[in-house]
Structures are given as C-alpha cells and as structure tokens.
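Each structure below is given as structure tokens.
In what comes next, subunit A is part of two complexes: it sits with subunit B in the first one and with subunit C in the second one.
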Partner chain A sequence: MLKRGRGIALSWYGTGYGNGFPDYSVATVELAENGEILLRVGATEVGQGSKTIMPQVCAEVLGIHSDQVHMICEDTREFLDSGTAAASRQTYNTGNAVLKASESFKKALLEEARLYLKLNSTAGLEMADQKIWLPIFPSRKTTFAELASHLKSEGRVLAVTDSFTAQTIGMNPETGEGVPYWPYTFNAYGTEVEVDTETGRVQVLQAWCVQDVGRAINPDLVEGQIDGGFVMGLGYALYEDLGVKDGVIKNNKFAKYIIPTAMDIPTIHKYIVEDPENTAPYGAKGIGEPTMVPVAPAILNAIYDAIGIRIFELPATPDVVLKAIVADREAKAKAAVAEGADANG
Partner chain B sequence: MSTLKSVGQRIQRKDARAKLTGTALYPQDIEMENCVYGATVRSEIPHGYFTLDLTEAEKAPGVIRIFTAADVTGHNVHGVLFKDHEVLCARKVRRVGDPIAFVVAETQAQADDACALVKVSYEALPAVFDPKEAMKEGAPQVHDGKDNLIYHYKCRRGDVTKGFADSAVVIEREYVSPFVDHVFLQPESGLAYMEEDKVIVVASTQYPHFDQIEVAEAIGWELEQVVILNPVVGGAFGGREDISMQIHLALATIALGRPVKTTMAREESFYAHSKRHPVFMRLKVGAAEDGKLLALEAELHGDTGAYASWAINVMRKAGVHITGPYEIENVFVDSYSVYTNNPYAGAMRGFGATQVPVAYEQHMDILAEALGMTPYEIRMKNLFRKGSVTANGQVLTESVPLETCLEILNQAMNGGSEAAGLDAASSGTKAVPGSDSAAVQERSVTEHA
Partner chain C sequence: MITLNLNVNGKDHRLEIEDHMRLLDVIRGPLGLTGTKEGCGEGECGACTVILDGNAVDSCLVLAAQCEGKKIVTIEGLETADGLDPVQQAFLDNGAVQCGYCIPGMVLSAKALLDKNVAPDDNEIKEAISGNLCRCTGYDKMVKAIKTASEVMQERGEQK
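Now for the complex of A and B:
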C-alpha cells in the first residue's frame, strides 16, 4: 500500500569558528590598470558562490557592476589568509572584510581623485559607474581608468586592505556558559512523502523550504544552496551509509553507496526570509550548511505521519523501513492475540 | 525600501559558464611535460604495526622511487587541530586506508601496479570500533600514550531533576547517525612542481593558506617557499579541509626534480578524506501540559575514527545545537569526541549540527503526540524569538525570524482548507506574520518553486 504523510522540522545553525577563537578575515581591494577592480580575498570558491557574491558586495560599495570586480582566490602569493571556506563563515565573516576594505578603498580613491582634480576636499564628490565627479561643477570629473593610468605614470598602485573579526566568547568548560557562535541562521522545512508498505521504499513528493538568510546577496545562489542542501539531506535521510564494519568501508563505490539522482528529487518550494543582521555585510548571514540541517528530520517526521513508525537510526533505506513495518505489524498482532486471550480468560 | 543596486541581484554565477562548458580546469585536467605519477599504498588492517618490503615494487616497470616515512624531510605529521596524522605512517597504522608509502612511476598505471607489489607485513593489534567501548578502561589505545576520549563538552543550566519532576510528559529515546561521505564529484587529484626555489602544489582545497603551512612544516621548508594553487574545486562540503596527497606530491617533486601528479579513483577517495561523525544520541526531554519544554538531558558520543581532524569542534557544535532552536530553562548535555580504529571523521556540511536534529526534531513530534498537540503548536510554543536566551546563556538580540519561518511554512503546506487534519504538520493556526515579527521586507518573502 502507498501511504502519504507530511512532516516538518526547524533548525538553527551557528556560523563561524566560534567559541572565542579569533575568526579573522581580510580583503584587499586594488585598482587595476584598466580602471576595473581586483578583489584579492582568500574565500575559496568551492561551489557556494563566493566568487559571485564577494564582488557584489564590493560593487555595491563602489557603485559599479560586479562584472567589473575580479576576484582572486587561487594562488597563495596573491591574497592574504582569510580562513577556511567552511563553517558557513565566508559570507558573514569575509563578506564583512570585503565590505570594510571596499569602504576604505572608496575613501582612498576619492582622495586620489581630489588630488588629481586639484580640489581642496573630497566633500561632495560622487562616485558611480567607474566615474567620480563634483555635481556642483560637473566638469571636474574623472574616471577609474584615468586615475589608474595616472597612478601608473607615478609608479604607484592603489590597494587597500581591511579586516574583520567576528565576536564570540569561549564557553566555560564546566557549564557551557558563553557565546559559542554568532550569528545564527534559522529555517523551517517541510516534506510530503509516500511510503510503499510492501517494499519499504520512501519517496519524497514535495518539499517546502523556508530559509532565513539575514539578507540574500544573490537570491539565485540562495535558491541553489537550498536545492543542494535539500538533495544532500535527502540522501542522508534515505540512502547514504558507508557500511563501515571492522573499520572497512563496505559501500565504497556508487553501486553501493547510494546518492540521490534527479529522479529522486521532488518539487522544492523555496521561501527566502530576510531579517538583516546589523553586524553582517548588508545583513547577510551564512546559509551553506543550514540548508541541509532540517531536511532529514522533516523526512523522518513525514514517514511517521504516513505509517506511524519512527526510524531512529539513519538511513531509512527500504530494508530498514520494511523491517520496522513488519516488526510493528507483528507487535500489534501479538498485542491483539494477548488482548484476545485476556478477554477469553 | 531597498536602495541596493548590486546586493540582492540575481547575478549569474561567475564560474557557471566555464564549469558547464567544460573549460574549467580542475587539477586532474592539468598535464605538464616530463611529469611522473604517484600512487599511495594504504593499510589493509585497522590497527597494528607493520614492516615494508619494497624489493619487488622497486623493480617493477617504470618505478622511479618509493617514498616512505623515512623520506619525510620535515615533521612527519599533519592535522587541522592535533598533529595526529602521519604523512606516511612510520611503524603503526590506526585505520584501514592509512597511507604507508607513495610510489612514483613514469605512468599512473605503472604506479598503481607497483603499489600492489609493495609487501606489507602486519602485526595486528586489538582494535576498537565503537566510541562507547573506546572510552572504557583497558580499551585498545588508538594513539600511544593518549586517551581515546579527546573532548568532553558540558552544558549545565538550571536544574534538570526539578524540570523533569515538574514535567507532565518525559520522553527518552536513542538515535543514531551513521558514517556518511561528502562524495564531491571530483575525487582527489593534484600535482606539484618546482619553480626556482619554490615548490608549487596544485590541489583542490577549502583553505589554501592552511595547506601551505601543513606542507611547509612536513617538508621542513620556509612558508614562503611553498605555494598552493587552488584552480577549480569540484565540490568540498568539508571533505577538503584535511590534507590528502598535497604533502606526498611536494616531497616527491622536490626529491625528483620533475612534476609529480596523482589522481585517485572513487574507491580510494572514500579512504582519502574525512567522514561525517557517526553520533550516538540519547535524548531525554520533559514538557509541561501546555507543551512548554521544561528540561532537556542529552548524551552524545561522536566517533572521530583514527584521527581527530575537527572532532572537538564538531562535537562542541553538536552539544550546543542539541537543544534545538528552543527556549529551555534546564539543560544538561554531555558530548564526547572519541578515537576509534574506524575511518577518520571530520568536517562535513552541518558539522555536528546536522546529526542532532535527527534526534531533537523527531523528539518534538513525539512529545507533541504525547501531549495531544500538533507539531506546529509545540514548536510555536517553544521556539527562539528575539530576546530568547540559549542554553549557553547567549542572548539572541536580533535576526531571529524563526517564528516567521514557521508561519510561512504552515501557510504554504496548509494553504487550502482541505489539508486541515490530513497531516500532522499542517493542522496548526493559519496566522500570517504580524507587522512586528521581524523586519521581513516586502519583496523578501517570495516563493520560487
């Protein structure tokens, strides 16, 4: 029999190294010879989108298009250490360093423009679309490219570095009192599943993912993370197990270590909730890990809703679910017999 | 009203075109002239001493040199927290898959073939595969002179005994999360070469500057003489935080003066990087008649396998997050990280916070059913809001839109009236978020199916 059920799960996730460990990020913003921007920052692009969103933050500050910001994160000689691309920390932590470095760079570039335009002050100077001008006397104007070639003629490079360190407090080892992480990202996910009681197979039919992001720097990438996090969580809930026995990984190939395919992925309804965090770059918090966290329990709770059986050990593979169904059926039959015997007695 | 021009825009991913069209260069795609190839000999037993006989392998076709622990020119260790991994094991292996020799030959196939000719004689030691067993007195010691228990997180808040005594319902259950792999699409591959006095290591990594430190210390060179190139990463999810073959490649290219490359098959990749920590979770939660959570007690045993990697941070994160996003006055948590002779566990997406909701969110539903409430109601009763205090005494001062998230979820799943009562998740109220519930912006809550 095919039985349907729905389940929900909430989760929270504290980003960053945490527990008082100095979570430090640094970025360098540099004017390239052609007037475009080099953003030197050690936020490895692991697929999460750092090479897209870090330029967006920088571009926002400088009033340019993010295509004109070129991020460099590949060669250890070309950027400073900004920590690991993990702990969902790059958007918040390194994003803040990029924000601060971009703001400092903007000030420095305006000062270069002041000198170049022979003004007494940077007051009133406007910056947008790679141009800098004085609205009260618009002929006093220059461009990023012009300033870049001027700097080159003087043998100078304009590069500004700034950093950010997150705020956490080491916990008391006896009580746990402290600030282990900050900020936290929240979410509420739900699923609808169909359980085949003859085979134990579980299929997820629909998913609803409501994700707090602080602010979405790039909604497409947030949705991509939700898709990816959901898929990974689905595999964790229903398929994936290395089958480690006596230290040996039994399921060491894709014939045995089963991961979701496109056929297993339901319609995923995605909702982005923005509630900007003051200390974050434009309010944005990390979401790379959070998007996976509530998926498994949302599925397990839906399985219970469908068949009235709880799975306490992952993954809920067909054999595990079927065994639980059979055990439940036998237990109920036994109880019924016992009840019958009592009644007869 | 947002006045932002770049932030909030759906800018196309900068890396999308190259990855989709196949022009992105992953380490495996990079070939160099005069290159030689390496393959790793790995232990086949989980715990024991060993000796090596290289005679046959050294005579195999194309073999140039076989590197062992004796060839490590700096410190024969690495590790993100503790330096407990050996670059190449010297005399003892602690898990199946420990690297014990690195064979370099003219082709990858020759290197792979020669690996099979390396004779490893083992003297097996008793092994332990269960973290609770490993914590017992007299259990096999995974690292000589070191306790298997490497971390114990404690959270003590309020008085759980009183909390349970005051509870209308107390539920206790055990949950288990298994060994899981990241299965990033691109298995480990890398190459190293010399550029004047510098060694260049090309590898996919999450943290190039940390790899630089680990390589420099292991080869005994100055930091500035080591360069990490991280061209394109084919997925990571935490599995590229620990060193895999970076140091082997650096040692080999320095010794041979030729570029050295290695690429692992999927089967080897499973042994080459960390796993998600299996966590054994015992959770006991008490609630009042109205669903208010009064006490939580949890015991979490995390199996870090043969090496610590991020074990302390992972089980700390598990211990902090086991309360769920709920206000609870009385909390008592013990979370342990323990060595065993299993594959080593480390960082993986969610990092301890992914395992624990398997327990705490199932528990919420079990409690709700026992109290005759819906899953929605019990969560709404207890969830974190602005001003909530966590079990660690941390005040959540802003950006806590969890109530909004749950309301939106409830609306979305239970939009039509016909759904009411059909399922456990959808029978809650249908309130929309109030105007004071976080600054949810006009355009900010959008559905994208």
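Now for the complex of A and C:
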C-alpha cells in the first residue's frame, strides 16, 4: 500500500569556526591600471558563489558594477589567506573583510582624489560609476582611470588591506556559559513523502524550504544552495551509507554508495527569509551547511506521519523501513493475541 | 598500436593509439580535450559523457577501437560562431552550475535528448540526465535550464 505523510523540522546553526577560535579573514582592494578594481581574497570558489558575491559587496561600496571588480582567488602568491571555504563562513566572515577593505579603499581613493584635485578636504566628494566629483563645484572631477594613470606616473599603487575577526566566546565547560557562535542561521523545512508498505521504499514528493539568510546578496545562488543542501540531506536520509566495517569502507563506489539522481528529487519550493544580521556585510549570513540540517528529520517525521512508525536509523533505506513495518505488525499482532486472551480469560 | 579514424567536433582525426585505450583516454590524451572528465571510470557518474553518433554515452565504458569512423561531440564542440549552444546558455542563465565538474557531461546528456526530442516533459528530462550525478546543484535548476533550452530550440526551429 502507498501511504502519504508530511513532516517538518526546524534548525538553527552557528556559522564560522566558533567557540572562541579566532576566525580571521582578510581582503585587499587595489586600483588596477585601467581604473578597474582588483579584489585579492584568499576565499576558495568551489561552486558556492564566493567569486560572485565578494565582487558584489565591493562594487556596492564603491558604487560601480560588479563586472568592474576582478576577484583574484586562485593563486596563493596573489593574496592573503582568508581561511577555509568551510563552516558556512565565507559570506559572513570574508564578506565582512571585503566590506571593510572596500570601505578603507574608498577613503584612500577619495584622499588621492583630494590631492589630485587640489582640494582642502574630501568632504562632499561624490563617487559613482568610476567617477569622483565635487557637486558644489562640478568642474573639480576625475575618474578612477585618471587617478590610476596619475598614480602610475608617480610609481605608486593604491592597494588597501583590511581584515575581520568574528566575535565568539569559548564555552566554559563547567558552567556552559559562552557565545560559541555568532551569527546563527535559522530555517524550517517541510516534506511530503510516499511510503510503499510492501517494499519499504520512501519517495519524497514535495519539499518546502524556508531559509533565513540575513540578506540574499545573490538570490539565484541562495536558491542553488538550498537545492543542493536539500538534495544532499535527502541522500543522507534515504540512500547514502558508507558501510564502515572494521575501519573499512564497504560502499566505496557509486554503484554501492547511492546518491540522489535527478529522478529522486521532489518539487522543491524555496522561500528566502531576509532578516538582516547587523554585524554582517549588508546583513548577509552563510547558509551552506544549514540547508542540510533539517532535511533528515523532516523526512523521518513525514514517514512517521505516513505509517505511524518511528525510524531511528539512517539512511532509511527500504530494508530498514520494511524491517520496522514488519516489527510493528508483529508487535501489534502479539498485542492483539494477548488482548484476545485477556478478553477470553 | 592501432590506427583509428574519428570525427571529433566536426574535424577528422587519424590517430595511432594503444589497443586497450578507452574513448575517454583518447579524448583527454592525444586529443587534449580535457572538458570531458573522469569521475568513477566505471559507468556510474556520467562525468565522462560524450555524444557518439547522436547518443550520449559514458566514454569510460567505450573501447576506442570500437569507434572507428564514428562521430563524436565533446563539450568543446558545442559552441559555434553564433555563440554558446542553447543548452550551455540556459545552464548559465538559470544558475544551474556550481562546482562545474558534472556540467560537461550533464550538458551533453541534455543536448543528446533535445536533438532527438525537442519538447520533452519533466520526467523525460530527469530520466535523460539520471546517469549524470551532481553533488552540488540538487538538479532542480538543471531541469529548469533544459526546459529553457527546449523552448529556445523550438522557437528557433519554427523560425527556420
């Protein structure tokens, strides 16, 4: 028999290294010879989109288009280390370093403009579209490119480095006091499943993913992270089993280590919740890992809703689910017999 | 050593190869087309997908010697003077790419499908790419991208 059920799960997740460990990121913003911007950041792009959003943050500060910011993150001779692309930390931590470096660079560039335009002060200078001008005396104006060639003629390069260290306080093992992570990311996921009670096979039909992101710097990338996290969580809940026995991985091939294919994915409804975090770059927080956390419990709760049986083992493969169904049936039959004996006796 | 004649991305090649080489080895080795990836080497991941005489195949499972006189399209062969193939463009426009490792194979599986069936439904799309594993994207945006490409190709077909 095919039985349907729905389940939800909520999670909150601290991003960054946490626990008082110094989580440090650094970025350098430099004026290139052609007036465009070089952003030197040791944040690895592994498909999550850091090479897209870091230039967006820098461009926002400088009032230019993100295409005019060239991020260099491949060659370790070219930038300082901004830590691992792990712990869902790059958007918040390195994003903050990029924000600070961009703001410091903006100040330095305005100072260069002041000198070049022979002004008393940088007060009132405007910056947009790679131009800098004084609205109260508009003929005092210059461009990023003009300043770049001026700097070059003097044999100088304008490059500004700034860093960000996240604020966390290690937990006191005695009292449990501390602030192990900052910030936290929140979400609420729901799933609808269909359980085949003859085979134990579980299929996820629909998913609803409500994800707090602080601020979505790039909504397409946020959705991509939600999709990917959901489907990885789906694999964890239903298919993926390393099968470690005596320290040896049994399922060491894709033929045996089953990850979801396109045929296994449900319709994924995505809802982005923006509640800006006030210490974050434009309010944005990381969601890399959080998107995976509530998936397995939401699916297991839906299985419970469908068949009234709690599964306590992951992955909930057909044999695990079927075993639980059979055990439940046998337990119920025994109880019925006992009850019958009671009634007769 | 054997001599092998292949047409790859519209160009004829005459190659001297070792008898035991897989099509994948020839593509990545002597032909230098490294867009085709080796993931598992045993027909499970689809990273090595190429189009062989119109069909998407795992090039790690095909012996090169079996390909005498055949036509092969790799990811490098999709872009034309008019620009990217509609499938490639749609993957970009829909944000269907993350780390990229599965993408050449995924795009070619989609291309082989659309060349045969320009208006597939969701299930046909999912089935066509079910041999291509992706660890990053969750497939959702890929399915959307392939639908977009299908629409673009249908429009172009009508214009012709």
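Keep in mind that, in the parts below, the second predicted complex is superposed on the first by the 345 of 345 C-alpha atoms of A that agree within 3 Å, B and C clash if a C-alpha of one lies under 4 Å from a C-alpha of the other, contacts with A are read in each partner's own complex, and residues count from 1 in each chain.
Heads up, the rule we're going with is that contacts are C-beta pairs under 8 Å (C-beta built on N, C-alpha and C of every residue); 3 or more make two chains touch, one makes a residue touch a chain.
Everything numeric here is computed off the predicted structure, so don't read it as measured data.
Visitor: With both complexes superposed on chain A, which partner does A:339 reach: first (subunit B), second (subunit C), both or neither?
Guide: Neither partner.
Visitor: After the superposition on A, what does A:330 contact: first (subunit B), second (subunit C), both or neither?
Guide: Touch partners of A:330: none, neither subunit B nor subunit C.
Visitor: Tell me which partner A:283 touches in the superposition: subunit B (first), subunit C (second), both or neither.
Guide: first
Visitor: For A:221, using the defined touch cut-off, is the partner it touches subunit B, subunit C, both, or neither? Pick first, second, both or neither.
Guide: A:221 sits against subunit B and subunit C alike.
Visitor: Examine A:231 and indicate which partner it touches, taking first as subunit B and second as subunit C; both and neither are also allowed.
Guide: The answer is second: A:231 touches subunit C but not subunit B.
Visitor: Could you figure out whether subunit B or subunit C reaches more residues of subunit A?
Guide: B
Visitor: Mind working out whether A:265 is in touch with subunit B, subunit C, both or neither, as first, second, both or neither?
Guide: second
Visitor: Is A:255 touching anything from subunit B or subunit C once the two structures are fitted on A? First, second, both or neither.
Guide: A:255 contacts subunit C only, not subunit B.
Visitor: I'd like to check the shared interface: which positions of subunit A are touched by both subunit B and subunit C across the two complexes?
Guide: Subunit A residues touching both partners: 46-47, 49, 220-221, 223, 229, 232, 253-254, 259, 268.
Visitor: In the complex formed with subunit B, which residues of subunit A make contact?
Guide: 5-14, 17-19, 42, 44-47, 49, 51-52, 55-57, 59-60, 63, 65-66, 71, 73-77, 81-87, 171, 173-184, 186-190, 192, 208, 210-212, 214-221, 223, 229, 232-233, 236, 240-242, 244, 246-249, 252-254, 257, 259, 267-278, 280, 282-285, 288-289, 292-294, 296-298, 300-302, 304-305, 310, 312-315
Visitor: Quick one: in the complex, what on subunit B touches subunit A?
Guide: Per the stated touch rule, the residues are 4-15, 45-47, 95-97, 127, 129, 153-157, 173-181, 183, 205-210, 212, 226-238, 240-241, 266-267, 270-271, 275, 313, 316-317, 319-321, 324-325, 333, 341-343, 347, 349-351, 353-354, 357-358, 360-362, 365-366, 375-376, 379, 383-384, 391-394, 396, 398-402, 404-406, 408-409, 412-413, 422-426, 438-441, 444-449.
Visitor: Using the touch definition up top, name the residues of subunit C that touch subunit A in the complex.
Guide: Counting only subunit C, the residues touching subunit A are 39-40, 42, 44-45, 95, 97-100, 125-127, 129-133, 135-143.
Visitor: List the residues on subunit A that touch subunit C in their complex, please.
Guide: 46-49, 220-221, 223-224, 226-232, 253-255, 259-263, 265, 268
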